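In the two complexes that follow, subunit A is the common piece, with subunit B as its partner first and subunit C second.
This part shows the complex of A and B:
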């Protein structure tokens, strides 16, 4: 199992009051994303566990792009991957942050 | 903690995740989860096999309301490891049923949204034990006056321990896509030969294990359309009349099963059973829509009984 950890300072704190949300399922080609509003300010942490090795750079690119575009400040994001493609990962991250922005 | 609002009403139960089903089944915003994903109560075994774990180990448990009535709910995620019973995923369901059994201040109705291929092979001993514990807990809870309702309509069906679990419930709701059995088709074919059960014959498999047959021969007590609203309506209907669990019910169940064995024991497919049931055009059942089929089943004697 490969574990990756990314730390970012986002452009701002993510809007909304929701404390936690989960989206997706650990299944083939899918993943689950758990979002928790537990970090101070605009800090953001992403923890990934994946059985697929060799895609560290791809994960980094997807997470960088997500943080840049959606500014998930304050969130700790934990991912259990089932071998999802980068587009699916990005979709789940977007769905997750949209859930957190709901009041 | 719930997912998108798109999964209500007419959305498919078969396609939905466990969380979407819980949201679509219960009254809006009434659900409170126990041991949610943030608590990270996960399988301690899967990492040994280099397999990814899930934050809820594939089971969502909690309480909510169904048509204003307080209920406890457990939902298996059929897409994660086939919805299997592992040490943790199983213990969450057992704990919920035992809680209902022991605490009269908790809701005295348990809804089990089964979607499982049975025991998780990577944690087989714990899984087998937990299925036995669950069946025992259900029987004890029913004896204590708790209604335990199985809802079956997910991608993994209710096989192995989940099939056994369904059989111990007060009432069973099934959709056309919901398959209920103990040994799966491939297992039967491997052990008894292709002459016994041809697992590649999908029409045979679905007509035997599928929801329509289970409903017609009394293995399920209500037939739901494959939607959130369909399962919700069927669950509300069966909850209105749950049999008391006593010696009389057990004897009625024993008689029902013996009579069924005698009546259908020689049949080699579902259509011949439907013919014996007196269905006028048994071949037409496969293509019948849910509403028409539900009406037919309600008018069929074998499908309706006071046992279980």
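This part shows the complex of A and C:
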């Protein structure tokens, strides 16, 4: 199991008041994402546990793009990966941030 | 003296030779190979009917059993190279030259045979293009067709699988050719006559019913959430935006997802009656929920689909059914309908380059074209206006609107990565290397970039109509190429500008809630669900039954 950690300062704090959300499942080609509103200001932290090695650059690109487009300030995001494709990871992140924005 | 009737005399000789193996028009199954040897001449153009759906499989096997000393150097002119026997003809030397359209199951065998010189290739066509050549320079001398039943006069009943037959037989029969039909049974009275008996010379009752491939059945269980997201964008960003009522869908899970989102997601958007009402489409089982929910007014089909007969018979307001109640298809008519009378084609592909050219060719595999290049092209002969066509035309060109051509919407919908994490977006199509390898005069491009108006991926929509320079086009494509190498090499600043001009649209730009991208949004989530939607009229083939 490989672990990766990314820290970002987003453009702003993510809207909404929800404290935690979880989306997805740990299954082959899928992933589980836990989102917690625990960080100050626009800080954002992403921890990834993946069984597949050699995709560090792709993970970095996915997280960069997500932070740039969805400004998830204040969130600690933990990803439990089951070997999902980057497009699936991105969809789950979009879904997770949409959940956190809901009342 | 000029001989004006040599073809007629040749036909009479062939008929005399063939009649030795026939009782009237009826030929016993075990005499079929001898019949084909008698009525065919070396070097003849021959069409063994078989497209992507029905197959004259018994006659193909009989021809492949012919003696290559008697029958050799045939020129095969047919839409599908699908059965192993089609390849056998070339390996045995019975056939030499090939002009065709589609080679799905034989897509690896065809390039191997080209490489070894076993097949001499004329060209790979789109269906309607090959049919056109049947009437100009590739008229068959012999056509081997296939029907559900015949009577003793040779009248043929094809039912929903009419497909290519009327076209092939018209060209052959009226140019002094020989028409041989394989049928499942000979009966006293046909439900309806699809081909008049005076165009049919010989009829063989085959030992087994002819084979039909269930090519258009997509199991909803295999549709992913990223496909659902892309389908939602297509519905909201293209179908609703342009008001698409008349359309064609290709085969694939992406378009199946759109079909299954009509009664759910599109209904929630209030689009019922405003989009997707009139179709040129094979009988896709995944459209059943939309039909049952009252979305669909009318469908004309290229061919049939296994298991759909009873459903289509019961939904005669929607399908084209004969006086006998069974559906009729016609590939030539439906291709023309898709070319001239629809405002949108949407289909999947395997590779798209930076200019928007797309191809289903990968290394060592030539699947041919089928109908997609015809559906997926702008008809320059079109003259009737419609809102979607005019709007697309206005987006494409700056100039005097009175002199502006409309544009058919030609949409490619892909996932940025395939199931095996192979990127759909590439700098250079494999088709280009393949053309070099097999010395083809042009690369087998499925849809040329200048015909493509939109590309949809799970990352967004690229509207190529609104691009004014090659650089804008390239960045619009990179902008939706996700995390592929092509996507990651995008110019972020330029992409943001394209987004402002609505050339690039993201789910968030379209107001799409990513939480809607769930399988529970599909109107049917399994083949069994489709069967239930149809009131058990849809009878799925066994390979799709897992309950």
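The definition used in the following text is that the second predicted complex is superposed on the first by the 103 of 103 C-alpha atoms of A that agree within 3 Å, B and C clash if a C-alpha of one lies under 4 Å from a C-alpha of the other, contacts with A are read in each partner's own complex, and residues count from 1 in each chain.
Convention: a residue touches a chain if its C-beta (ideal position, glycine included) is under 8 Å from a C-beta of that chain, and two chains touch if they have at least 3 such contacts.
Being a predicted model, the structure only gives us computed values, none of them experimental.
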Clash-or-fit label for the pair subunit B, subunit C on subunit A: fit
Which superposed partner A:1 touches (first subunit B, second subunit C, both, neither): first
Which of subunit B and subunit C A:25 touches, first, second, both or neither: first
Which of subunit B and subunit C A:15 touches, first, second, both or neither: neither
Partner chain in contact with A:95 - subunit B first, subunit C second, else both or neither: both
Partner chain(s) touched by A:36 [first = subunit B, second = subunit C, both, neither]: first
Partner chain(s) touched by A:82 [first = subunit B, second = subunit C, both, neither]: first
Partner with the higher number of touched subunit A residues, subunit C or subunit B: B
Partner chain(s) touched by A:62 [first = subunit B, second = subunit C, both, neither]: second
Per-pair minimum CA distance [subunit C against subunit B, superposed on A] in Å: 5
Intersection of the subunit A residues that touch subunit B with those that touch subunit C: 95, 99
Subunit A-facing residues of subunit C, complex: 224-226, 229, 415-417, 421, 457-459, 482-483, 488, 506-508, 513-515, 517
Subunit A - residues contacting subunit C, complex: 58, 61-62, 65, 69-70, 85-88, 90-91, 94-95, 98-99
Subunit B to subunit A touching residues, read off their complex: 1, 3-4, 17, 19, 36-38, 47, 50-56, 58, 77, 79-80
Of subunit A, residues touching subunit B in the complex: 1, 20-23, 25-27, 30, 32, 34, 36, 49-51, 78, 80-82, 95, 99
